[in-house]
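Both of the next two complexes hold chain A, though its partner changes from chain B to chain C.
Let's look at the complex of A and B:
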């Protein structure tokens, strides 16, 4: 009896948890970008999923030129910084001060997502690509079979998430970001360059999504609508964690992806989405603000 | 005495009148030159116009952006297809979709109206994605293929009977249904209930002070919009003979939002014109390139930035001015939206 349970944990449950954890780390990277952009700018970025896809496609294109994966992991997010910066400056600022900011910016970024998605299809065709796994092989830890690349993804992703949290909560730059999120005018009058902080935060969120795209490309395939399939989970994580909360995104991201991973052992994967969505609905009913407070508050 | 809203509504009626006359004229031309393709396309544009109408009721009047309205449109289409495959009756299919719209709208509404603003947009998006995924994987509903082989039906209109296979005949039937949906929406939005919805959009914090419950108002608006969407969806399988999970997808919901924004938010008639225009544009672009989404996406972004009142906003201002001058020539013309 005991042996059967241990065997179940070793061969079924533990690998599934690790798979869920790798997915969860990537979801958190995307969700943190979304939540920072919302917490600071009050903008729901509907094109966030397409920027995630942008990262994956950029890695694919640059990788075919012969650049090594390690370089891409740093280069792609760096290249996406100016892209995000100008998107915020040129597009979002244009409608930022309208009365209906939530709806208008949501619509605008939705349109941007459509254009990007079709541009991917134009450049790469509709079929999925599967880049080679940069790290092959696997290790066996406590009898649990663990693919090396997933372990690498978890460690690197977690390190980046920790670095982001450290910057936002423990540095002078982070204090400026939080001040701008809390009270834009007050922060501006104290000398915080609010416009630059806004555009910078947007660029940073986009770069994080691109980074997640590079990381996940070897595990899931790269295809034009990959962002759309991915973004629902990220939105759910952001809502459950609380729009604008980094800690919330991490906790909700780990929790929801684990629920999805473990539930799919027992029920058809089709029904795991309704479960995750159900958790979001219950959360909205019980605690509409999410698990944690907003960026810059409390 | 008419207030700004009523005048704006009258201007919309004028524009619907123009649309109907243009539609009748094109139907006559279509019959004369024995066209099938463009009449079918125009019928489809009207059907998707009905979906856009339901988005506009929520966005333009109640201030709720639904990113999952295709959920109701698609379910209406599936219900209609299932009914038609069992009993080929136009009216039964319409009645079944309408009842389904009431029930599903109530269920969806209870989930969605707890929240506002961006949360509402995201929760409707999520609801539609989840249901679309379930339908996509349900064998009984044809899974990814959808339901194929919906029979051609005869629409019994009492005095005459029109086959759904007749391009001009069925176009007129759909035109009648969609104009009826428009009329019903315009009528309801002009009642005190409709004014409350507009008030909800303007400032929902004040509604309780006037003695109304915001939750039940929002729920009514949601159910109403859901019914408009399911009834429009019910027409789709009659036209095309099949339904597919694509009808429930985010692409369909997003298209409806694009249609409303291009046509003009809060005008109702903008949804119909927008749908005609977009369908035509897509068909024209489709003959050059598969990548019409880039063009439509850019146009849409342009409309969001430069044309907050949509295309109808450009024309309607003139009509409103004329109507106001007729009504009370001594006062300065004013416009609400």
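Let's look at the complex of A and C:
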């Protein structure tokens, strides 16, 4: 009996949890960028999924020039920093100070997403590309068969998430960001360069999405509409975790993807989406601000 | 005066175009096929097969002295788009005949468009039994082997190599996937196999790993899948990545692994077994001639889609020459019961449901080659005629 249970855990349950974990880490990377941008700028970035796709396409294009995957993992997010910075400065700031900021920025970023998606289609065509898996093979840990690349994704993704949390909650730079999110005018009067912090935070969120794009390209393939598939889940994570909360995005991201992974053992994986969105609806009804507080609070 | 001039001019124009029509007005065949999207690779084979056959037919004097012209439209493997493109070909380009649909959903939808337009279509790719079964149409023909015919051949292999096997089914979640899984399940259970689970994934799913939990939990000896195109590439490489390929026998629909996607799948496809209407290894003079011409033209092997698409042009040619007309009713009459030669051997279109009958092969991938491991005669594979509409 014990042997049968152990065998079930090793052969069925554990691989499913690890698969869910890899997906969860990727979703959290995208969701954190989304939540920082909302928490600080009060902007819902509807083009976030397309920036995730941008990262994947950039890795694809640069990879075809012969650059190794390891370099791309660092280079692509760095290249996306100025892209995000100028997007915020040139486009978002143009409509940022209007009274109906939520509507105008939502429409602006939504339109930007459409433009980017069509640009990918023009440049790369509609068909998916699948880059080679950078790390092949698998290991067996405690009797559980684990593909190397998924393990790598979990470890690297978790490290980046931890680093982001550390910067935001434990450094002077993070304190400035949180101060600007809590009270913009007060922070400005105390010498925080608010405009730079805004553009910098937007660029940082975009770079995280691009990083996730590079990491996930070998698993999910690269194609123009890839941002759409992913962003729904990221938005759900942000809403359940609490708009603007990094801890919330991590907890909700892990929870929701594990719900999906475990439920997929018993029902068709297609039907796990309604469960996840159902949790979001219940959360909105019972506790609209989500599991955790906002970026500037607590 | 001006109006008079215009009338004369128009009359002259009409007269010239009339005389031209009598001389060598081409027979137009519309092709609605996916040139982009997950089935783009299949559309490529369709295009190669049709182009090659039309080149040969035109070089030999065309059909009844008229050259054949192909007009392509991209349907993106999306039935809605397919219907729009088919309507355009019927109403604007005035095609005489239409072929090329890949997705079973597209074939069913375009079949209804053809009925409204009073034209005939033939699919060379779609698998769903319903197309020549309970959703048959007097205007729709199928020259390739449907799910039931493939299953009959695959079940012969199953009963011999994996008797009483526990089978898990994984199909794409639309007409073709549901139909192929149902057809093989029926054939497999008839020869003593048991079903330990079935699950369907959306067409063009990017990550199949979340489906692996149910497969692991069911511990099947055989995994049946009817994914096609790029979907198979992702499914099989991910199965291999997660160490599931060695544990069970992989079998599937004829279109799951073909010459078109084999290279991208790599050795994860080794040992895959299917029941198919074509293999490059068929040892007949007709196939040899076709194979040489295809390779010379495209530097690639034909797969079942390319071969069936090549064959449909010769089938249509035979029917038009028998009917001595391209009129819908006369060609339909000529196609029903038609026998003609293809690289796969002789095919016969059953009059009762418009389904082609042909020899079926058990095909196993060995060292990257589609090795033939057995065959089932056309009569044994075809199954009952369930079409009641005509």
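Note that in this section the second predicted complex is superposed on the first by the 298 of 298 C-alpha atoms of A that agree within 3 Å, B and C clash if a C-alpha of one lies under 4 Å from a C-alpha of the other, contacts with A are read in each partner's own complex, and residues count from 1 in each chain.
Here is the rule we go by: a contact is a pair of C-beta atoms (placed from the backbone, for glycine too) under 8 Å apart; a residue touches a chain by one contact, two chains touch by 3 or more.
This is a predicted model, so every value here is computed, not measured.
Look at chain A after the overlay: chain B and chain C fit there side by side. Touched residues of chain A, counted separately for chain B and chain C, are more numerous for B.
By the touch criterion defined above, A:195 lies against neither chain B nor chain C after alignment on the C-alpha atoms of chain A. In the superposed model, A:288 makes contact with chain B only, not with chain C.
Contacts of A:270 after superposition: both chain B and chain C are touched. When the two structures are aligned on the shared chain, A:75 is found in touch with neither chain B nor chain C. Of the two partner chains, chain B is the only one touched by A:115; chain C is not. In the superposition on chain A, A:165 contacts neither chain B nor chain C. By the document's definition of touching, of the two partners only chain B reaches A:91; chain C does not. Contact with neither chain B nor chain C is seen for A:259 once the two complexes are overlaid on the shared chain.
Of the two partner chains placed by the overlay, only chain C lies in contact with A:12; chain B stays clear of it. Our summary of the superposed model lists a minimum C-alpha distance of 5 Å between chain B and chain C.
Of the residues of chain A, those at positions 268, 270 touch chain B in one of the two structures and chain C in the other. Chain A contributes residues 8, 11-12, 15-16, 19-20, 23, 125-128, 130, 133, 138, 145, 147, 149, 219-221, 226, 229, 260-261, 264-266, 268-270, 272 to its touches with chain C in the complex. Considering their complex, residues 59, 65, 67, 111, 114-115, 117-119, 121-123, 125-127, 129-130, 133-134, 137, 250, 254, 257-258, 261, 290-294, 296-298, 300-301, 304-305, 308 of chain B touch chain A. In the complex of the two chains, the chain A residues touching chain B come out as 38, 44, 91, 94-95, 98, 102-104, 106-108, 110-115, 117-119, 121-122, 228, 232, 235-236, 239, 243, 268, 270-271, 273-274, 277, 280-281, 284-285, 288. Chain C contributes residues 36-38, 40, 76, 173, 199-202, 206-207, 209-214, 216-217, 230, 233-234, 241-243, 264 to its touches with chain A in the complex.
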